[in-house]
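Next come two complexes, and both contain chain A; in the first it sits with chain B, in the second with chain C.
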Partner chain A sequence: MNSQSSPTPRNFLDIDRVTAAYGETQVLHGVSLDVSEGEMHVLLGPSGCGKTTLLRAISGLQPISGGTMTLGGTRIDDKAPDKRGLAMVFQHYALFPNMSVRGNLAFGLRGKGLSRPQIDERVERMLHTVDLTARADARPAALSGGQRQRVALARALVVEPRLLLLDEPLSALDAQIRKRLQLELKRLQRAAGLTAILVTHDQDEAMRLGDRITLMDAGHIAQTSTPAEIHARPANRFVARFFGEANILPADWFVPGLGGHAVVHPTALMPAPDASATVFTADVIDTEHLGALRRVNCRASGEEIRFDFLPASTPLDITPGTRIAFGVRGDAIHYVDG
Partner chain B sequence: MSRHLSGSFLFLLAGLFALPFLAIALSAVATDWSDALLPRHIGLDVITSVLGDPRFQASVLRSLAISFTALALSLALIVPAIVAAHVYWPALDRWFARLVVLPYAVPAVVLVVGYLRVFSQPPVQINGTPTLLALAYVPLCFPMLYVNVKNALQGLAVRDWLDAGRLVGATDERVLLCVVLPMIAPAIGLACVLNLGILMGEFVYANLLVGGRFETLQIYMFAQRSESGSVTSVIILAYFLTLLLLTALAIWLSARGGTDKR
Partner chain C sequence: MLSRRLYVLPFLALLALIVVWPLSTVVVGSFKPGAPLEHYAYILGSRFYLKAFSVTLKLSLLTTALGLAIAVLPAIALRARSRRLSDLALTIGNIGANFAGVPSVLAFMILLGSNGIVTKLLREAGLMEGFDLYSWSGLVLTYLFFQVSIGTVLVLPVITAIPRDIEEAADLLGQGGARFWASVGLPVVWRQLLSVATLLFANAMGTYATAYTLMGTSAQIVTVRIGELVAGDVFADPGLANALSICLLVVLIAPILLAQLLTAKGTKA
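Showing the complex of A and B:
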């Protein structure tokens, strides 16, 4: 589903060892990141790791204390926010409540040397793109959450930015509408060839939307990779922990004498057909239903083990207290240091 | 049943509160009310004679002029300060809240004596002038303005709006004028109406600072206290109706502010 497009030779956005602080508290510790043209780059990380701060630093709303940033080959870190050619969608939308949808869109176009008809034309076109023509004269308060989100997106896009920054744009919406807007957002971005950085808390959203994902940890970049890669080959234990529910087991269970840890996804475990394939045995604690999958929680030598299987194709009779012997294919194991 | 009961209780209470008002109204229109429970004759001559009295009209105009001057000055001084403190210096805001209630905390007489001292000698010798009264009224308007404007600001995403503006090259001033001001306008209006009510009814400052030299409505009313009861009643009635009107305006404004916010 996600394209494995290799980055173009020259990076469109180049962030090089950027640092930022609030007073004495350093929040970004030398962040380097590159984004190619037309890419949807997802920024993911635990709360407080500095995602919003990084977006604000890129936009110029947050001053940086070190490092450089270039966009499309020109330095932007010394430019005013409105001279950087980017737009931002705020987490709580920050729509102007006293203006109509149309007024919100037009606000950013005034004072840019455009004539009235030119402004109107661009606003109407954008309203059409996000399917809000019918609500153009409504105030934001009269719109649904999803519509407000689309207004926020339209207001950002109407200035025709070279880079779109989205700070948790969908987090205020309920799951149903969020799924739909994820699709819409992705289509819009693809169709317009937009370059975007999207911040999210939600790893499913990251996997679904991102061409590449950058995981941040306390002001550092933990890893930047494609969704498939970051899932299958996490760079370290933090990344492995963050992505879902991988089993992180002592490496010497699989390779005697090896230090560090082995990352094994719950679906990669196989009940061992015979003794020679057995790597370890575990006692079943309980089972849960995860939609089509069945999750089995077990314990082996003090480690919690999660094992998922498809009851539809692999009927297994597992009850609490059962002991299971597990095998793992060698290529399904990923080793990390530490 | 209990609904019924509480309903009639409310009516009773309202009637009780309305009684003095009705009596005043009655007294205002009574031409002969000496030896019976209710007046013998009623007529509008006292009302027309008071309302037509040039001295009454002049006092109303003076009060209005002083109140509006003070209100305009306090608006110009305090509203930008409240907004600026809220947006740019949140740390100072706590002190603001404490300072602004001082005119309520310090007894009026103490303040007035202080004013009389300060303004009795150069460089600013304005004792006894309406200018001094208007200036003394300015801080009286602060608490009401502060509370209302601050409340309105609290619910607004002002920082986000400023950020959104900066990204498209809109100055903070433009966002404050085009977005924040319209959003807090109902609150400002409400505070103005309430302040107007306070200032139109103010007597202590007016009496001590200007007295008979600049007869405001309240000073006029005080001077008329020895006239016939009817005259006093008419003045009180007129004052009361004006306040009622202002209150209705205030309620309407605050309701509008409430619907605008979400």
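Showing the complex of A and C:
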């Protein structure tokens, strides 16, 4: 690739123009990504966009066809997977079924020049951290989904990796346990100062866990930003549409003559009290309940509009057929090209 | 409920027809009128027949162990490769399994017999001194042919079914390759491998055509002994043949039951 040496990388993990293919099909089209030390970086994107492939490329399980990767200042893309100093949590946990929980944790510590008591000590400490001491002798088949997940996490953490890769680690769990484990995961990562890349489908999970979020689109990176930033200031329509079911409206509704589109979140619309504040009027099609929020689906000049409000603090009498005048605060509008 | 149970009837009828009926005929036929256990006593006191049992057992156990090992290693190697290669191996194994018996032995004779093509070549090269196809080593070789073929067909799917991600997890932990197979891969499927071994063993114990084609009645194999007692015009003694068959069945079933017991225990733990 490029032969001129770059200065010491500022970033802990530096992925530079990585490409990967399955046979003839190119899946990663020059992906560049930086992750700082101690960061929880979330990879998000629609199914098939290449999240798993990117994670596997970083781990070395998937060969790359171009680009470079450095971790902590050393090239890793030319190293064998087990020499890269990283650990991975697989989507379906990939626990060793013939070993106890303790055995699963100890397996990765074998042959690392540790004495038996040293291995035992580290395993016990990790079991305690993930609260599995009581189940240490159980086989994976005898564990609940949440417990298996914790074993998978513990098995990855016990080898003290420099980078932790998590491929949809919580997607097989029900919502209740998922929320709890999200918190637990975040706490663990913070406490250990761990650098991690987490793949998820779930944008709530991404927002909750990510220090930064990278949204991928068909083998490209669409945007990398903090959760607040990516939500409020999407780089393009793809990103805007992905988050929060934003309204993507013609920009000249707001600024006459302006091209491109305006991104307005459903909670940013305000029913306008007087004509001077009105930007557009819309006809209500139907309403739905979204927990505490009420979603109003309406239509204005051929565009579908989503408007969310809190009935508890803003009692509005809205029924299908009602016509509503909407205003928007200027700072709640974000313009994108195209 | 009752009508569902009726579905098993054809199976039970067939079982009675092809297993219970012949087996009971053999059992009844093995008892000598007047001195019911005399045939059995004779077998247990006969060096000739005891030798046949020990040779058959040794041959079966050895070729089962070797056959399984030879089938498992390529299965592991092919797993890492493409789907197509393992399908090819499966096909070859299938062909081999169907080619077993007389045709395969004839092929071995043409290649490795006293005047075989390969024999001549190897002899000229100064190799293969002392190898004789019509001997114990020839028996092992011809048995291995079908043991490996059948073994491959049965073992490949077992090895292929081991989840990919647990192998990758081991790779990432620096415990890939032989370490993975010794500590995780094979232990995970040992029950299935034991079943395959049982099948190979039973198959070898019951083989007749391979040994008979290769060595005629000089093959010291229980099935060949039974065969000469049934068909031979000099030694015909159906009663003794029946008793030998029952003894063979007992020797054959004992390890199978043991394997079943082992597997059942493993499941509970």
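Please note the rule applied: the second predicted complex is superposed on the first by the 329 of 338 C-alpha atoms of A that agree within 3 Å, B and C clash if a C-alpha of one lies under 4 Å from a C-alpha of the other, contacts with A are read in each partner's own complex, and residues count from 1 in each chain.
Going forward, a residue touches a chain if its C-beta (ideal position, glycine included) is under 8 Å from a C-beta of that chain, and two chains touch if they have at least 3 such contacts.
Computed from a predicted model, the values in this text were never measured in an experiment.
Undergrad: With everything superposed onto chain A, say whether chain B and chain C fit together or clash.
TA: clash
Undergrad: Applying the touch criterion given at the start, work out whether A:195 contacts chain B, chain C, both or neither, answering first, second, both or neither.
TA: So A:195 meets neither chain B nor chain C here.
Undergrad: Under the stated touch criterion, which partner chain does A:182 make contact with: chain B (first), chain C (second), both, or neither?
TA: It touches nothing on chain B or chain C.
Undergrad: So, does A:112 touch the first partner chain B, the second partner chain C, both, or neither?
TA: In the superposition, A:112 touches chain B and chain C alike.
Undergrad: So, does A:226 touch the first partner chain B, the second partner chain C, both, or neither?
TA: neither
Undergrad: Using the superposition on chain A described above, determine whether A:141 touches chain B (first), chain C (second), both, or neither.
TA: A:141 contacts chain B only, not chain C.
Undergrad: For A:61 in the superposed arrangement: first (chain B), second (chain C), both or neither?
TA: After superposing on A, A:61 lies in contact with both chain B and chain C.
Undergrad: Just checking: does A:99 make contact with chain B only, chain C only, both, or neither of them? Give me first, second, both or neither.
TA: So A:99 meets both chain B and chain C here.
Undergrad: Of the residues on chain A, which ones does chain B touch that chain C also touches?
TA: 59, 61, 81-83, 86-88, 90, 92, 94, 96-99, 107-108, 111-112, 155, 159
Undergrad: Under the stated contact criterion, what part of chain A meets chain C in this complex?
TA: Answer in residue numbers: 59, 61, 81-83, 86-88, 90-92, 94-99, 107-108, 110-112, 155, 159.
Undergrad: Touching chain A in the complex: which residues of chain B?
TA: 157, 160-161, 163-170, 178-179, 182-183, 260-262
Undergrad: What residues of chain C sit close enough to touch chain A in their complex?
TA: 163, 165-166, 168-176, 179, 183-184, 187-188
Undergrad: Contact residues on chain A for chain B in the complex?
TA: Contacts found on chain A: 56, 59-61, 80-83, 86-88, 90, 92, 94, 96-99, 107-109, 111-112, 141, 155, 159.
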